[in-house]
Amino acid sequence: MTGVGVGIIGTGFMGKAHALAYRTAASLFPLRARPVLEMVADVDHAAAERAHRSFGFRRLTKDWRELVADPAVHIVCITTPTALHYEMALAAIAAGKHVHCEKPLAESEAKAGAMVQAAEAASIRTQVGFNYLKNPLLGLAREMIAGGELGEITGFRGSHAEDYMADPEAPFTWRLDPAGAGVLADLGSHIIGLARFLLGPITAVIADLETVVKERPVVRGSAERRAVTVDDIARLTVRFARGCGGTIEASWVATGRTMQLGFEISGTKGALAFTQERLNELLFHRAGGPASRRGFLRIEAGPEHPPYGFFCPAPGHQLGFNDLKTIEAADFLQMIEGGPAKGPDFREGWEIQKVVETAVRSSRVRAWLSVP
Amino acid sequence: MTGVGVGIIGTGFMGKAHALAYRTAASLFPLRARPVLEMVADVDHAAAERAHRSFGFRRLTKDWRELVADPAVHIVCITTPTALHYEMALAAIAAGKHVHCEKPLAESEAKAGAMVQAAEAASIRTQVGFNYLKNPLLGLAREMIAGGELGEITGFRGSHAEDYMADPEAPFTWRLDPAGAGVLADLGSHIIGLARFLLGPITAVIADLETVVKERPVVRGSAERRAVTVDDIARLTVRFARGCGGTIEASWVATGRTMQLGFEISGTKGALAFTQERLNELLFHRAGGPASRRGFLRIEAGPEHPPYGFFCPAPGHQLGFNDLKTIEAADFLQMIEGGPAKGPDFREGWEIQKVVETAVRSSRVRAWLSVP
Amino acid sequence: MTGVGVGIIGTGFMGKAHALAYRTAASLFPLRARPVLEMVADVDHAAAERAHRSFGFRRLTKDWRELVADPAVHIVCITTPTALHYEMALAAIAAGKHVHCEKPLAESEAKAGAMVQAAEAASIRTQVGFNYLKNPLLGLAREMIAGGELGEITGFRGSHAEDYMADPEAPFTWRLDPAGAGVLADLGSHIIGLARFLLGPITAVIADLETVVKERPVVRGSAERRAVTVDDIARLTVRFARGCGGTIEASWVATGRTMQLGFEISGTKGALAFTQERLNELLFHRAGGPASRRGFLRIEAGPEHPPYGFFCPAPGHQLGFNDLKTIEAADFLQMIEGGPAKGPDFREGWEIQKVVETAVRSSRVRAWLSVP
Amino acid sequence: MTGVGVGIIGTGFMGKAHALAYRTAASLFPLRARPVLEMVADVDHAAAERAHRSFGFRRLTKDWRELVADPAVHIVCITTPTALHYEMALAAIAAGKHVHCEKPLAESEAKAGAMVQAAEAASIRTQVGFNYLKNPLLGLAREMIAGGELGEITGFRGSHAEDYMADPEAPFTWRLDPAGAGVLADLGSHIIGLARFLLGPITAVIADLETVVKERPVVRGSAERRAVTVDDIARLTVRFARGCGGTIEASWVATGRTMQLGFEISGTKGALAFTQERLNELLFHRAGGPASRRGFLRIEAGPEHPPYGFFCPAPGHQLGFNDLKTIEAADFLQMIEGGPAKGPDFREGWEIQKVVETAVRSSRVRAWLSVP
């Protein structure tokens, strides 16, 4: 068994999550090649040192280009702010590395498209960090839909609402960069990705985006303000290629909500409801049974929902957020070893970005637009 | 169509609930004889006048004996404090009236037994006001158990917890009368009745009763205190005649709970869970299906759960507390007309009282006792 | 105390609900003038006779015009299919009666406007049967919003989804009448009304309406089909006059849902969430407290939420659907006696209808439209 | 920074959980000495090799005595069936190792007591694997109780119910060993430990234990049966040293339940409710506020509940089962480094075992017994 060198750029929330995920995936999943935390890169040297020490990376660097170029690094994880994804990914692809990039893939669909082209031309493998899709119960939901348990789908209602920007004094960050979308890129991409994961392509959209907090302090506590131009709330009505319609909402000013990533799907034979607030539960209604026993079934995650069983042999014990990231890493490692392509890859990240960007334009022109 | 004269003694919470229930039952249920609010009795004349006016009683009186003796009164509803039930019920029975008495039936099982004997000797019909049993979903639960959907029952866990006596400054009332039990008689009788309704006779009990608030003001705000000797919390472990065991708890100092009358029942083939806090929902688990679709089904009340349909033709619209009382009245009226005996009658009220009293003695002697 | 004569046209689901509501309101609420069930009208004579007998109406008729003209009838309740509301209401207004009309007010906003003009010219009182607005917890929600407990409102997400038309074999009914809207008029009017009740006027809308079941049997089981042209699902994005945006969805093909009338409202200081599926619960989040005690509070209906206390003096006992209708009747009776105008009146019904109709047009032209 | 050698005996469910936990703790928590997976022992050599490979143990052995004696091993984790704990722990203690033993500590309180004596005499550190106690929200609950937020505690109702032995064809295992208790030792020890964690010592108990499935196949599918003598369900009523009472139930035949480890605690000023089925939520009621805003608050786990923040900087993202085990390992490592003793240690495991054993005897003699 030889090792697969993992290099991680960035040591924040997602950088740590990637490090932990690759390490844990190596232990819990049946992989042929053992992943090795080969190198970590952070412009903040102290941060890189902390990560190096905590996660047992073999080496560290301040320069992500060094990481990308290193021959012992086979997978490059990009966990930096969105605006940096493009340059880093292209460099990693050029160096022949597999790339695991955080979401959203890029701040524009044009850049995302270029990343896809580069990746596909280079025949390297890609993964985008839409970790919530890795929930075993969402895998079940997708399988139920694909298998016809819900009949013909008639509607989708989805949202991703949190409140981390609800405080008007929350400072300006890179997430508010006028070059991209705001919440629609940050959280909206999750629920758009989930809609596509379950129901397939979105073909048209009408959107209403608004900026609730018009200016924010440049840093917390500062009197100096910077104007915010991106969306705090995005409301989309969409049409799917399969023929049904739906609504999608994203908000980061949804006071009191910390993880309201959820949906309700109706079909002619059944329905599903889910919220990431209770990520180990999936509600399922099956039409047509005896009316006196009618209702929603609360399916609880267990080893029958792969790959839950790699984490715990007993049902009801529950997965957490970091476990979803571990599944993401394991799926990518397995694909690199020749296993099935579970995605979402760069192409899917691009498709999601197209919906985001079409929605932004739709909101500006106040009209329905086709997703290219 | 001739009328059935209803006489109601008492005009408090339950007096009003009876008046409303009989009036509404007459409209919603297919009865042969229309109930008529014939007379209301209250020692407080102004209260009797208010009830007379509000509910359209034909006549009123300060003297319950007059009501009991009145030839136009066919059903006597007793909604006074427990200590008065015995005398009133015996008088009503002696006068040949059907008796609908609030719970608990009496402050002692001896008196309850005498009431049963009198009623059965006189061949009149009786009903005790355990209104929660009238919930259509509990009828479904009983039917599912009787029909074997849960297999052999292996355990019961029930409670009725509220907090209306949690405040130490809540004053002394007739409910604290040392002659009876405290919360075990008041709320415990509901959950004991429910346990019996679903699973049949309780044969043995060990109980631990305690008084949490040792003395209370004689009236709200008074400095004068009266010692409390009855139970604020009662914890019972029981054995059922059918062979299984269970626990039953009653508390009126359960801070924050206003209607936690609920249970969980396990069987070899299934399980049920319920709380009156969400009275229109019954949770049902069926063992043995595919593990990946396993969970509890949330059955929602609808017209398939008789007699819900008399209240509303559409599912999910929900019944409320007063509707349960209406079903109780309707069941009694239908029985008087020759319909099925749905109970709970005086005999059932007596059986419940036996469990209460055995539990009180068990707690004193600190030992398991058989229920006589 | 003199009586107020109530005449009810129609004896179906809503006809019965009105009869019960007026009778119960008379008993539970402190009214000066006692309502009397004076007359019932139904073209189906047997149905009229059944209602007459069940609810104790003084008189019955096959001809609604007779009812409208009767001098002992002071309030006319219109519970017939929508297409009949206009003619009946105008006749009742012309006869000087107060009118309590079921929702939606009319099948077109033009007719609704004419009804408003007639009513206001005649100085009679009107009420439209949006009974869900009468939930005491929604009164609390409105008060909290008006009182600033949620701060500035930043978003609304509402829906009314049921599944009574989900079965493709459910037959064609008057609700599918091409002259009106479909689910948007039937269920959508409830959630539009609720949005307005809580947040005030809606000024602009973009909508996407679709017909899921394209043709239905003319009667159940028939091979003969009739094309459906109205909406089975309606998805609206809206702007409120107060400055915030929101989404509104209506569906009667939402498999598994029987009463998903609900919303989530975000504000800068708090948030509310509600679903009629648990009508006795309101979720409230207050921003700004200690983070370790953060979450949504599940407020349970009780006597502190008027007029709950008229139904039951104890919290947690729960109201049901028919109780909401009783509150509606009581509010109307109290207004007629000179009490506050709680609405929704014809003018409000008209405003709701304007939103419905603007949405229908918006969906046709695929563009944002201002609500006139 | 030097390493702390971890040796793990056993490679099943818990063996893997320990390996993962120590590895992850090393990365997420600020430890001075880095834990190193030094050695794994399993009588099944192939299993040991798999664990060695998967988790990156430095060495492996078939002989646990070799592991215990190894000078590079500083912490010995015992994850074998209960009957082996005693011998292994004593050997490890004799070798001067810190011992992290799975629960229950031993199959008898006598043995548990001997283990405590040996450990305390040797001044080594101990930990028992009651991982659920490590939930940050239970830490909050304990702190709220200790800080008086609930006032004087008036009652406890706890249970741990699962269904992994509900199937009568589930075969005989070491958990059914007649030398110990059955479910009361296996699951009951968790809820007893939780009761003690929150409320302190239990002083008296009356218990009713029963064996629901009287005999089981020796291996799955076998016709050969072995009699079961231990409890499938245990129902306890208890008294706490602090003065309040409570009930505790354990069942492994609770059809449909996979992780119903929960409790409800009432106090004079507040109440808490929790179930491990939703381990990231704690329900809290505070008495005394305005009645119209009364209810239970659903507190959601977040970084304000240490050590949640080491796993994720954002609230609502949720911990899973394996994270609790990581906290357990981290707490033990930190204590070994001189940090606070968070327990539960062997002495606590012994105390829990005393309650278990007293309950077993109580059930036999059908009487209240003092916990020694």
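Going in written order, the chains are labelled A, B, C and D, and every chain counts its residues from 1.
One rule holds in what follows: contacts are C-beta pairs under 8 Å (C-beta built on N, C-alpha and C of every residue); 3 or more make two chains touch, one makes a residue touch a chain.
Nothing here was measured: the structure is a model prediction, and the numbers come from that model.
Chain pairs A-C and C-D differ in how many C-beta pairs they share in contact, with the greater number at A-C. Across the assembly, the mean Cα position most removed from that of chain C is the one of D. Spacing of chain A relative to chain C, judged by their CA centroids, is 41 angstrom. Chain geometry summary: the mean Cα position of chain C and that of chain D are 53 Å apart. Contact of a single residue of chain D with at least two other chains is seen at positions 257, 294-296, 300, 302, 315.
On the chain D side of its complex with chain A, the touching residues are 1, 13, 16-17, 19-20, 23-24, 26-28, 34, 53-56, 162, 164, 257-259, 277-279, 300, 302, 311-323. Taken in their complex, chain A has these residues touching chain B: 140, 281, 284, 290-300, 302, 304-305, 315. Of all residues in chain A, those touching chain C in their complex are 150, 154-155, 157, 159, 161, 163, 166, 168, 206, 208, 210, 212, 232-233, 235, 237, 239, 245-247, 249, 251, 253-257, 264, 266-271, 285, 287, 294-296, 366-368.
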